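Next, two complexes with subunit A in common: one pairs it with subunit B, the other with subunit C.
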Partner chain A sequence: MDWGLIADIFPLLMEATRLTLQLFAGGLVVATIVGLLIALMRQSRFFAMRWLAAVYIWFFRAMPTLVIIFLAFFVVARDWLTFLSPLQAAILGLGAGAGAYKAEIIRSGILSVAPGQWEAAEALGMTPTRRMRRIILPQAVRVMIPPYLSNTVLVLQTTSLATAIGLVELTGLSRQLSNSTFKPIEVMLTAAVIYLVMSSVIVLAQMYLERRLVLKV
Partner chain B sequence: MRYGIRRLAALTLALLLVVAACGGDDDDGGTTAAADTTTTAGPTTTIASGALDEFLVEAGTLTLVTTGNFPPFTLINSETGDVEGYSLDVGADVASRLGLAFNTPTVDFVAELEGLQAGLYDIADSGIWPTEQRQETFIFTRPMTSAGFIALVRAEDAGSPGLDGITGNAGAIQGSIHEQWTIENEATLGYSEYVPFAGAAEAELALKQGRIDVWVIDSLVGAARALADPELEVTGPTLNAHPLSMTFRPDSEGLRDAINPVLDAMIADGTLADLQVKWFGRCIEVPDDINSQPPYTTLPTGTCP
Partner chain C sequence: MDLEFIVEEFPGIWEGVPVTIGLFAWSLFYGTLGGLLLALLRLSRLRGLRAVSAGITWVGRGIPPLIILFIAFFVFPEIGITLERFPTGVLGLALWAAVYQGEVIRAGIMGVDPGQWEASEALGMSGRHYMRRIIIPQGLRIMIPPYFGNAMTLLKLTSIASIVTITEITLLAQRVISFKFVSLEPLLTIAFIYLALNTVLQFAQLGFERAFRLRV
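Entry: the complex of A and B
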């Protein structure tokens, strides 16, 4: 094991990790907003909304994230949303893809709430918004947490695909350094430790949230 | 429903804000080490300032895209994180002589040519062979060097016939011209099994671990690896000699035509020889034209050990 090389590349990999975190945070926020939007559309009483949401989920779950990012950058950002930078295009692609999964996770959480809860809230004269905010979502969120955060770890991992459009994040730089130094084991193990730390934070957040929500519900 | 529509509108607005908040073109930290590549400044040409701007992605800046993972043509310096290599040094010198700033993004090979076509970069150059097929889609400068295909083997197999007859498994980099050729010539090469690899590092590791017995690779890359690592040797003949050139979109003919005389000057004044010695340890024959047939015999002017 070449410890000297690891010491040399660690600061470079940490710098690339900053971009990974930007992609992750942006992608997660977009995915969550898209997911919530699509989940609500799936619950709409209007057929067109439900249909649009179903098509969205069908399409984006069928597409590999790499292809979505590629299209977001080379088609959407080039021909339509020309103001998008490469980073923004990658975040949009990541978020659009993960949003389809988030939508189903959020919808499954909402559907898991017993019908009696909906009926009771309605009987109390609550508006649909208050009903969702005060009664349904607090119960649904507890069910959503494990699949939502498992999917969030996947979002972290798919940030590595952004290297295909020139965003040299943690995996992209690791591959370049592997091929430049011809010491892939040292480089990839260092990157793996950084990924492990990042995903451990998400797992810890899951444990914390589960414990906290159990007490509150 | 009124609440529903408001909620959807608010979410959509929030989505747009999130994307917008993620920065503009200037803060895309990943597109790597930019204009600070050191140049070996040669004489500046007489091209008027701004004359090339209509061909450039960014006015006044030459944007050269490489993969950053094909040493010694393009690699990442493990101490500084900068992209460097033969292609980068040649590009930096060209930019300097044309009075242009120099930008060097890195990207995967597929996206390199895709991005070039999409107008994101001015030049692609990771040791690209201007094959007939590629000449249908891109245009090229005059060659800057030449290479061939060679067998890289473990040191204990030095002296084996190499590409004249492979015993055991052969490997190459996925999507490369070497892979295509190795698969097409399976019968004559005689290997047991072909194994593709995502990159040079994986192929080399597999070779050292005995998972493959021959790595079919660019002769310059192979020679550089054999020089750097005593566990490796090149063996057998060098086949498929071909030129290597900078690659452009067809509508960048004006830029290509401005760069060709600069490359001629670099060959004549010894700059190219110096860069070849720096990165390859020796001078490499430079074909006159991208369609010149081997053997190539003309070395660049300069001190060639």
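Entry: the complex of A and C
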């Protein structure tokens, strides 16, 4: 193990980690918004809305994330929304794919709220929007958090696929440095440790929140 | 969208289908064996073995599958494991699968009611008999849905083999994109192939669930 080399490449890898974190944060925000939207469409009164949401979930869950990123980069960003940068295209692809999973998580959270709560809110004369916002979602969040965060670990890991459209994030830089230094062991293991630390932080947050969110009665 | 173009380019991309299926099937096979090993180690009486299995699982779940694939491609040759391109891809994907299927198998074995063990002991069953007649049939039923969930993820993950230039369908589609300057058509072609393969897996899951359903 060449510790001197690790000390030399570590700052470079941390710089690339910033891009990884940008992809992660952007992808997570897009995924959450898309997920919430699709989950609410699944609950809609209108058949067309429910159907559209179901097709979205079906399609994006069957697609490899890499193919979704290619669709965002080669089709959406190149032909349709030409103002998108490669970073934005990658975030769009990551978010669109992960959104389908977030939608299922949010939907099962909404469905887990006891039917009595819906009826009680209605009996109090709440509008559907107010009922969703004040009664259903706050209770659903408790159920959603554990699966939401385990899916979030996967979103973090999926950012590595952005390397396929030429973004030099942590994984892309590791491959370049492996080739240029001829020391793949040191480079790849350092990158693996950085990912492991980031994933573990999310897992620890999940464990902490799971303990905190137990209903106190 | 240019349907004629899709028809024209389809045979070229179609050639990658056996590679995609091969990557998937072999890595699922070796991944299941590896997962079984990890699960048995995890349930071992020896603390050291349990720790090894837990450590591997923690690392494997904490790093991206693409990094696992890169480790198979760039790090393993340095420590004397040199394979052809395709088997290296299988190795990387199988390592990923082993970690996730190991958790499924462990949960399946642990999910069988401990009362079953006591009952079979009271009936005078041997350990092997108990495993084969009691644990495996009941555990399998618990394992089927998450096992297939991981298998579907694995099928989709075979696409990352394109990044290390294994000529499966995603790489072939990418080549069409760069040589023919069209992108929607080849991507929709492979999207259709992934959807079809995914649907086959869903039917397989239904079949297995039916075969192992409770008969009372």
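In the analysis below, the second predicted complex is superposed on the first by the 211 of 217 C-alpha atoms of A that agree within 3 Å, B and C clash if a C-alpha of one lies under 4 Å from a C-alpha of the other, contacts with A are read in each partner's own complex, and residues count from 1 in each chain.
FYI, contacts are C-beta pairs under 8 Å (C-beta built on N, C-alpha and C of every residue); 3 or more make two chains touch, one makes a residue touch a chain.
Every value quoted in this text rests on a predicted model; they were computed, and no experiment measured them.
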Looking at the superposed three-chain arrangement on subunit A, would you call subunit B and subunit C a clash or a fit? clash
Which partner chains sit in contact with A:Q22 here, subunit B, subunit C, both or neither? Use first/second/both/neither. first
Quick one: is A:R78 in contact with subunit B, with subunit C, with both, or with neither? Answer first, second, both or neither. both
Tell me the contact category for A:L66 with respect to subunit B and subunit C: first, second, both or neither. second
Between subunit B (first) and subunit C (second), which does A:I9 come into contact with in this model arrangement: first, second, both, or neither? first
Once the two complexes are aligned on chain A, which partner has more residues of subunit A within touching range, subunit B or subunit C? B
In the overlaid three-chain picture, which partner chain does A:T190 touch, first (subunit B) or second (subunit C), both, or neither? neither
A:L177 in the overlay: touching subunit B, subunit C, both, or neither? Say first, second, both or neither. first
For A:T152, select first, second, both or neither according to whether it touches subunit B, subunit C, the two together, or no partner. neither
Partner chain(s) touched by A:T163 [first = subunit B, second = subunit C, both, neither]: both
After the overlay on chain A, which stretch of subunit C ends up in the same space as subunit B: 75-83, 111-119 or 129-137? 75-83
Where on subunit A do subunit B and subunit C both make contact? 70, 74, 78, 163-164, 175, 178, 184-185
Sites on subunit B touched by subunit A in the complex: 3-4, 7-8, 11-12, 14-15, 18-20, 22-25, 27-32, 65, 67-71, 75-79, 81, 105-108, 110-111, 114-115, 118, 120, 198-202, 204-205, 225, 228-229
In the complex formed with subunit B, which residues of subunit A make contact? 5, 8-9, 12, 15-16, 18-19, 22, 26, 29-30, 33-34, 36-37, 40-41, 44, 70, 74, 78, 84-88, 91-92, 95, 127-129, 162-169, 172-173, 175-185, 187
Taking the touch rule as given, give the residues of subunit A at its contact with subunit C in the complex, in rising order. 59, 62-67, 70-71, 74-75, 78-79, 153, 156-161, 163-164, 171, 174-175, 178, 184-185, 188-189, 191-192, 195-196, 199-200, 203
Considering only the defined contacts, which subunit C positions touch subunit A in the complex? 58-59, 61-67, 70-71, 74-75, 78-79, 152, 156-160, 162-163, 170, 173-174, 177, 183-184, 187, 190-191, 194-195, 198-199
